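Think of it as A, B, C, D, E and F in the order they're written, each chain with its own count starting at 1.
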Amino acid sequence: MHTLPTALHMDRTEPLSDKTQAYFDLCKEKLGLVPNVLLAYSFDETKLRAFTDMYNDLMLAKSGLSKLEREMIAVAVSSVNRCFYCLTAHGAAVRELSGDPKLGELMVMNYRVADLSARHRAMLDFAVKLTERPAEILEGDREGLREAGFTDRDIWDIASVAAFFNMTNRVAAAVDMRPNDEYHSMAR
Amino acid sequence: MHTLPTALHMDRTEPLSDKTQAYFDLCKEKLGLVPNVLLAYSFDETKLRAFTDMYNDLMLAKSGLSKLEREMIAVAVSSVNRCFYCLTAHGAAVRELSGDPKLGELMVMNYRVADLSARHRAMLDFAVKLTERPAEILEGDREGLREAGFTDRDIWDIASVAAFFNMTNRVAAAVDMRPNDEYHSMAR
Amino acid sequence: MHTLPTALHMDRTEPLSDKTQAYFDLCKEKLGLVPNVLLAYSFDETKLRAFTDMYNDLMLAKSGLSKLEREMIAVAVSSVNRCFYCLTAHGAAVRELSGDPKLGELMVMNYRVADLSARHRAMLDFAVKLTERPAEILEGDREGLREAGFTDRDIWDIASVAAFFNMTNRVAAAVDMRPNDEYHSMAR
Amino acid sequence: MHTLPTALHMDRTEPLSDKTQAYFDLCKEKLGLVPNVLLAYSFDETKLRAFTDMYNDLMLAKSGLSKLEREMIAVAVSSVNRCFYCLTAHGAAVRELSGDPKLGELMVMNYRVADLSARHRAMLDFAVKLTERPAEILEGDREGLREAGFTDRDIWDIASVAAFFNMTNRVAAAVDMRPNDEYHSMAR
Amino acid sequence: MHTLPTALHMDRTEPLSDKTQAYFDLCKEKLGLVPNVLLAYSFDETKLRAFTDMYNDLMLAKSGLSKLEREMIAVAVSSVNRCFYCLTAHGAAVRELSGDPKLGELMVMNYRVADLSARHRAMLDFAVKLTERPAEILEGDREGLREAGFTDRDIWDIASVAAFFNMTNRVAAAVDMRPNDEYHSMAR
Amino acid sequence: MHTLPTALHMDRTEPLSDKTQAYFDLCKEKLGLVPNVLLAYSFDETKLRAFTDMYNDLMLAKSGLSKLEREMIAVAVSSVNRCFYCLTAHGAAVRELSGDPKLGELMVMNYRVADLSARHRAMLDFAVKLTERPAEILEGDREGLREAGFTDRDIWDIASVAAFFNMTNRVAAAVDMRPNDEYHSMAR
């Protein structure tokens, strides 16, 4: 039996399925760890699979946004919501994918003062406004993304990634999900 | 070719798969309509399936929360975010599941002034705080849910439903998703 | 003796005057009900008359704003303040005067995503800014209304209606005023 | 013809009625000035009368609240809304009625740090919460006033005065109403 | 032994040094009083000197900003933070340096509705944004000051004065520092 | 001539005095770098000295607060204000003084979810409330610190450190002050 990395008094009551065990083994091989968010969801494999299917499509599938851009959105959104888990895990991803530790810190601390391209500023301004004041997103905001060179399909992806982290930030906050300690020193 | 019910200039470029068509037919049969959110996602069946898998698990699977309770959370969260799509579609669901049109209106307008049981007030206060100030959720908030009779497993579900609507509210806002007109007059 | 439709432990201690009774009879005849706000004020006929004199002048007297426009302001303001009473009663009025149930819902839920004329958008943007951040209203805001075609006399009326609902929303909230149930199903 | 003390390009087009002229003469005699708010409304005597009827009933009629208490509420509310007109005119009234210039300044600047009785703190906390977050007023807030010694009839009056200044603050802001200069040096 | 003009149970345990006594005597001679902030800091002469050195440099040394302009910034910032001490002491300074009591009141109540030059509006808008939303200050904000005629050296001074009052407002709030009563009637 | 590490077009026009040069040499020897904030202030040695005198007294002098506690306050305050300079430099200090890299990250990201002693939680809650809502600090807040074991003299120090970073955060934001790159990898 495994205590989950959250503040909830919940345990996994059944052994992992072979498929999930294989997925966790793959994580360990490729990342050096099984992200705690996967362990947190592992008490129910249906929920775990729904989470990873959506996550993997959004963050890893083909898109007009690079993987680094998607991680930048993840961190800028998580900074608004002050999510310790996501800032830690995805801050490491920005450092790693960009090879620029300072960029990771800027996304965590205040993306506005980073020296960003017009494309990246427009992308993050949209993601952060969508996070802070979703009711005030109007056609002018979409128009701004188009002027910065994004297609309407890209807008869908920016919106979907920003929205997804507004979900996971809140799951993490609600259950006090704890990131793997290894992230803190990665790619510094 | 089908224009999607959003402000994005995107179309579905391929016919629906048989599986998806069958799902839409089932919706039409059971609900009298295909919810526009499904059409909005239908330009990419992987994304559509990730969305429906998560949605159906959260809102319809076995849980310590009744379906009505999950819909009440959906509407209270969507009211904070002022999401026209979700308030319309899930407001109708609250009216229908409760048989109490006034309860639906109260969830849309101001859940705080509704005449709620201690259980429902604790549940909605948590969901709304998680929406407005996720960084301030602490053990005391979880403790409050336990004192209102919720198990830790229930807390996961409250958190997950509230978090999910924080995602969909923002996808809907970002793309100006439009609800089916039929919802407005349902169960009044 | 009559218990008033509020949370205050207050009753009307004297019978209604003939004049007030006649007014209530007229309401019943024309609207099918006596609005609960009138009953709430009926414990003191001086206060009731001061309220109805101001209300009737603002909402019904000759103005550059149509009655529907005034009701749209009423609902958009009440949405900011999340006033259950006013959203219910004046949401019904918007549905009825416009013959467009969806318009009523949009005013309740999020006027910004409604498909509004430039005139109506300017009018509601001003009313909502005046509600949320009155200290920041400057000449540029008035100028914006003039550019949208409003006269300075119209600006007075927009301001007065928006300000009035900022008052009544707060009286209703303070005493937990309850709207007549009949409004919920009207003009759906 | 008289230019009104606001930023609107509006003038009074007819001479004042005898009744209104007499009222203004009385103001001049008793206060040493005609408050600019009355001049601002004087372009339409129906609106002027609706305003003064409500104002005089709320601020001067018999009530469980003293006139000073009602003026303290007026200023604390106007401080939240940063209304130059009302802070000036009613700040002077607090100084005059209390004989305590510092009390007037405290109401303008930050009522919370004033050395207040429990009764006055409860009264102002309620008025300010009603101003800032009307949607969050619940039975517990009313209960707090009762515990501080207020009757339910007093609660109506606290609410009505606080709500009224939420109206007038916004009319003044919308039209840039200017207070009479004489107020600044009164009762210092 | 001297009780300090704050809510802290702290006393000065040693007599003032000759140098500090001479400074206080000078204050009494020139201002008619020893500002309570100096007494509050007098329990530790190192802290007192650090405070006065910084204050005197910022507010009195040669600068592209006049002394009145620096005091206007002080009051506009203190108004955002609702600091009773600083609004009282520096409100008096604005009245005195400008010879315009109304200007002092406008800075306390709502600088936005004052009839300001473009230079002063740009200066105060920057100071207030820096107070309310420092994370959102970008190059465009600095550019705005340059367009209003400020040098980069002036921008440093605007920033430093605004920032300093964000410090002192909070020290005053934290210890409930009380201003000398004499300020209230000065220069009215 | 030296370009300063800010966005202002300002240069140091005179060579550093011997005393300042010696101070900078000492920094380089002990810290391995001259903190950019000192270079930023070096255009005017009076301002530089006023800054360092206050900083050194607050952060390094004898106090009931440990140096680590003062750095924790610095970072928690800077996190509210999202100050890239101070989060970077003082985040490094927390990591170094505590020997706990995760503690530094928690202060930057969300101190509330850190596993803190009651003393540290009370200290940081006060510092953050003083940062966010200084006008609402009341005797109860000071009482809370006393109950957590702080003396009134300690309260002065908590307040002074929190207030100081509210100043420096804003100077840094106003001039876009850039931290030395070396901080990012220190004590990870």
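Here are some notes:
Criterion: a residue touches a chain if its C-beta (ideal position, glycine included) is under 8 Å from a C-beta of that chain, and two chains touch if they have at least 3 such contacts.
Everything numeric in this text was worked out from a predicted model, so none of it was measured.
Common neighbours of subunit C and subunit F under the contact definition above: A, B, D, E. Seen as a C-alpha superposition, subunit A sits on subunit D after a turn of 180°, to the nearest 5.
Looking for a copy of the A-B interface in C-E, B-F or E-F, one arrives at E-F, which has over half of the same contact pairs by residue number. Centroids built from CA atoms put subunit D at 44 Å from subunit B.
Centroid to centroid, with C-alpha atoms defining each point, subunit C and subunit D lie 22 Å apart. Centre to centre, using the average C-alpha position, subunit B and subunit C are separated by 30 Å.
Multi-chain contact residues of subunit F, defined as those touching 2 or more other chains: 82-83, 110, 113, 135, 173, 176. Residues 7-10, 46-47, 49-51, 53-54, 57, 61, 81-83, 126, 130-131, 134-135, 137, 139, 142, 152-153, 155-156, 158-160, 162-164, 166-171, 173-176 of subunit B touch subunit A in their complex. Contacts from subunit F toward subunit A in the complex involve residues 79, 82-84, 87-88, 101-102, 105-106, 108-110, 113, 173, 176, 181, 184-185, 188.
Within the complex, the subunit C residues that touch subunit A are 110, 112-113.
Interface of subunit E with subunit A (complex): residues 135-136, 138.
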